[in-house]
Amino acid sequence: MAELVRTWSVVREDLRASRILLRAGWRAALVYRASFLSAIVGGVALQGTQLLFIGVLLSKFSVIDGWRLNDVAFLFAMRLAAHAFYVVPFGALVMIDYSIQQGEVDRYLLRPAGIYLQVVTRHAPLMALGDALLGFGSLAIFAGQSSVSWTPGKVAFLIAAVIGGGLVETGMQTFLAAFSFRMTSTISLRILADDTITRFSGYPLTMFNRWGFLSLTFVFPMAFIAYLPATMLLGRTDQLPTATWLAAISPCGGLIIFTIGLTFFNWMTRKYNSPGS
Amino acid sequence: MPVDTLSTRLTGLRGLYRAGYRSVLVYRADLLFGIAGLVIQATLTVVVWRVLYDGHDEVAGVGASTAVAYAVLAACIQSILMPWQFSSLPLRVLRGQIGVDMMRPRSLISQNLAQAAGTMVGRLPVGAAGLLTGLALGGVKAPHTLPDLLAWVVSMVLGIANVMIINLLVSMIAFWTVEIGGIMILYRFGSAFLSGALIPLWFMPGWLQPIISWLPFQAQIYAPLSIWFGTRHGVDLLGTLALQLGWVLVLFVLLQLVWRRAVHKVVVFGG
Amino acid sequence: MPPIIEVSDLTKEFTRPDVRPGRFAGTRSLFTRARKVTTAVDGISFQIGEGELIGFLGPNGAGKSTTIKMLTGILVPTSGTVTVAGQVPWRDRRRNARSIGAVFGQRTQLWYDLPLRDSFEIIRDLYSMDPATYRTRLGEFTEILDLDEFIDTPVRSLSLGQRMRGDLVAAMLYAPPILYLDEPTVGLDVVAKGKIREFVAEINAGRRTTVILTTHDMDDVERLCRRVVIIDHGKILYEGDVEMLKAQYVTSRDIVVHCTDFDATTITSPFAQVVSADAFKATLRFDPERTAVPKVVHDLTSRYPITDLSVLEPDLEDVIRQLYTERTPNAR
C-alpha cells in the first residue's frame, strides 16, 4: 500500500513537471517563428511521400495481397495517425544521443523529475504537427471510404488502436534509445527502425510469409501498429497465421510494449557515463 | 608563394575527400546499421513488388522482373548518393566556421564537392550489401548489351554530378536562414519521389509524367536506370544523355550564381 | 560539526573501446571489440561537515569531476559508498535533487532560448516554491549579483560571467543545504570572479550552506576555503587545513628589500641568503623554522637604510605545484 502511494506521488510529481517543462519547450520553440512553417511542411513531406507512393502503385495495380485500394489506404492512414501519437508527445526522443553527448543528462539527473520525462520534453517537436495534420486528415478521409461498416464500437476500437499503435512505436523507439547510455550513437539504429516502420508497416503484413509475419509481430512488433487492429475492423482476421484474439486485443499491445521499453530505459539510466572526466 | 598547379590543387582536395570518406568510417555503427537497413529494405521491397505483380504479366509495359530489379537497384544507388547528412555546410555556417573555410586556398564549392564525393565512396559498402541481397533473392538483372552498360556508366556519372550539385545548392540555403531542417526533409523526400528512386516514371499517372520529365531530379536515378534496362536506343538514348549533361551545366552555373550571392552576404553581413 | 557528506572507499572504473592506431585503423575498428578499463577514482574516503566550505582540488584528469558526479548522483559508483544528507544520491535521486544545488562551469542548466527570468520561474515551479519566498530570495540574490541589467535577456545572448551568475542563482533559489560548484570562475574577469566569491561566501556564512568547490584558481581557495581535499590519479594526496598545508610544504620565506641610497647588491645577512639583487632591490630567502621573521627584518633594517621592505606570503599555487610534482614523479 505504501509502495502504491509512493508510486502515485511520483506519477503526480512527473505530470506536474511535464506540464512545466512542456510549457518551457513550446515557449522556446516559438522564439523561432520562421521555423514553424518549414518544420510542418517537412513533417508532411516525410510521411506524404509514402502516401503518394502507395497511391501511385495502387492506381496501377489496384489490389495488393487481396486488399483493395480503399482498404490499403485506410491501413496506411491508421499507421500515419498512430505515428502522430508517437511523434507529438515523444518526438524529442530523437535527440537522446545529443543530450547524452553534450552532458545534458547530467542536469536531468540533478532535477526532481523523471529522466525519461525530461528527455521527451526537452524541446517541442514542431515537425510532429505536420505528421499529425497528415495522419488525422488522411484517417478522417480514408476511414469513410474503407469497407468497414462503422458502429460506435468500431469507432472506439479504432481510437484505442491508433493510440495503442503510437505507444507501440514509442515503446520500440524508447527501447532502442536506451542503448544510447552505453553506445556513442544509436541514431542510425533508430533511423533504421523508423524507416522500416515508415515504409512497410502500412502493408498487409501477411504478404511476408509466415516467419516474416511472426517476427514482425513478436520480435520487431510493428504488426501491432496498424495491421493487426485493421484486420479486426475489416473482418480479415482469417488471413492471420495467429489466433484471432491477438487481433482483438491488439490495441493493448502498445501498453505492454511501451512498459517494456520504459522499464528498460530506466534501468539503463544507471549505466550512464557522463561525458568529460 | 607556391605555384598553384593542377596537381597541388588536387592534393588539397584529396585531403577533404579523405575527410569525407573517413567520417563515414568513424561512425562505424552508422555504417553497420546502414548496411543492415538496406539488406532488410531490399528484401522487403522484393517481396512487395512480387506480391503486387501477383496475377499481372505486365503493367504499363513493364514486366515483374524488371520492376523488382529497378526497385532494388534504385534503393542501392539512393543509399549511396543520399547520406543522412549530405553536407557539413549548414552546420559550419551555423557555427560561424564558414569564415575559416573561405580563407583556405581552395574554393568552397570544390571543398564541399570533394567532401561529398568522399562520403559517397565511404558509403559504397552499404550499396554493395543491398546489391548482394538483391542478387541472392534473384531480383537483379544485368543490362542486355555492352553498349547499354557503357551508356549507363556515362549516364550514372552525370546523375551523380547532378545529385552532388543539387545537394550543395539546397545546403546553401543555410546562408539565408538557420532553420533549414524542414526544407532539407522536404527536399530529401520530394527528390526521392521525383527522381524515380521510389517508383519508376513508367508507373506515374499520365498527367504527372510530363511535369516530372521537365524537372532535373529524374536525371539523377530514373535516367541511368532506364538505360540499364535497355528501354532507350539511338536518338532516344543520345537525347537522354544530352538532357542529363544539359542539366549538369545549368545547375553548375546556378551553383556559381548562388555561391556568389552567398559570399557577398557573408562578406557584407558577417557569417 | 556533524558530517553531512560521508564518502568511504569510493571507486569508479570506466570501460572504453581500445583503439589501436595504424593502417586501416578506421576500417579495423568496425570489427574490434577490445576494451580497456581505467580507474578514475580509486578508493577514496573523506567527510565533509555541515556548513563547511571545502576546496576540492587536483590537476586535470585527477578524478575530481568523477567524484563530484558520484556525490551528486549523476554517476553510479563501481564500489564504495556515498551518503549525502543521509541519502544515497543515485538511489534516492529525486529526494537528493531537492537537497543539492550544482553549478558546472562548462555547462549551463538554464533554458538556452528563454530569458533568464523564465528559467528561474521554471525552477520555482519544478521545486514547488511558494511565490513569496521566491520573490524575496530572487530579490536578495539579484542585489548581491547585480542581475537587474540582464535578467530579461535570453540566456544565449549572455556573457560567460552573466550566465555563471544566472546559474548560481538557479542552483540556490530553492535553498538546498548543499551546493556543488565545479569551476565556477573559470574564464571570468576579475570583477565577475569577485562577485561570485562574494556570493559564495554569503550563502556559506549567512545561510549555513555546505559548499564543495572544485577549482584551478588558488585565489578562490585562499579567499574562500579553510579546508581542502586534493586528489591526483584517483587517490587523495592531502586532506586538511590550508594553513597547515602551507606550513608543511613551505620551507622558506622571501623578503624583498627596496633602497635608493646605496647599491642593493651589497646586502648580506647572517640569517638569509640573497636570491637576486640589482641596484634598487634585493630578494632574500630564509628558513622560518630556524629564524623568526622579526629577527631577520630587525637585522636588515638596523644595518641598512632601507626605504621599503615586504615579507612575501607563501603562495598556495607553488605549494600545490610542488605537491603534484613530488607525488607523481613520472606523470607528464
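By written order: A, B and C. Residues from 1 in each chain.
Keep in mind that, in the parts below, contacts are C-beta pairs under 8 Å (C-beta built on N, C-alpha and C of every residue); 3 or more make two chains touch, one makes a residue touch a chain.
These figures come from a predicted structure and were not determined experimentally.
With centres defined by CA atoms alone, the chain at the far end from chain A is C. Averaging the CA coordinates per chain and comparing them to the mean over all protein CA atoms picks out A as nearest. Looking at contacts between chains, the pair that accounts for the most C-beta pairs is A-B. Look at where the CA atoms of chain A average out and do the same for chain B: the two points lie 30 Å apart. Separating the centre of chain A from that of chain C, both taken as means of CA atoms, is a distance of 46 Å. Chain B and chain C, compared by their mean Cα positions, are separated by 54 Å. Annotation for chain A: residues touching 2 or more other chains are 32. In chain B, the residues touching two or more other chains are 31.
Residue positions of chain C with contacts to 2 or more other chains are absent. Residues of chain A that touch chain B in their complex: 32, 34-35, 37-43, 45-46, 48-49, 52-53, 56-57, 59-61, 63-65, 127, 183-189, 191-192, 195-196, 199-200, 203, 207-208, 212. Of all residues in chain C, only 14, 40, 61, 63, 65-66, 69, 72-76, 90, 93-95, 97-98, 100, 102, 104, 106-107, 109, 111-114, 118, 122, 125-127, 154 touch chain A in the complex they form. Listing the residues of chain B that touch chain A in their complex gives 27, 29-31, 33-34, 36-37, 40-41, 44, 47-48, 51-56, 59-60, 84, 177-186, 189-190, 192-193, 198-199, 203-205. The touching residues of chain A, counted against chain C in their complex, run 10, 13, 17, 20-21, 24, 27-28, 31-32, 102-107, 109-113, 270-274, 276-277.
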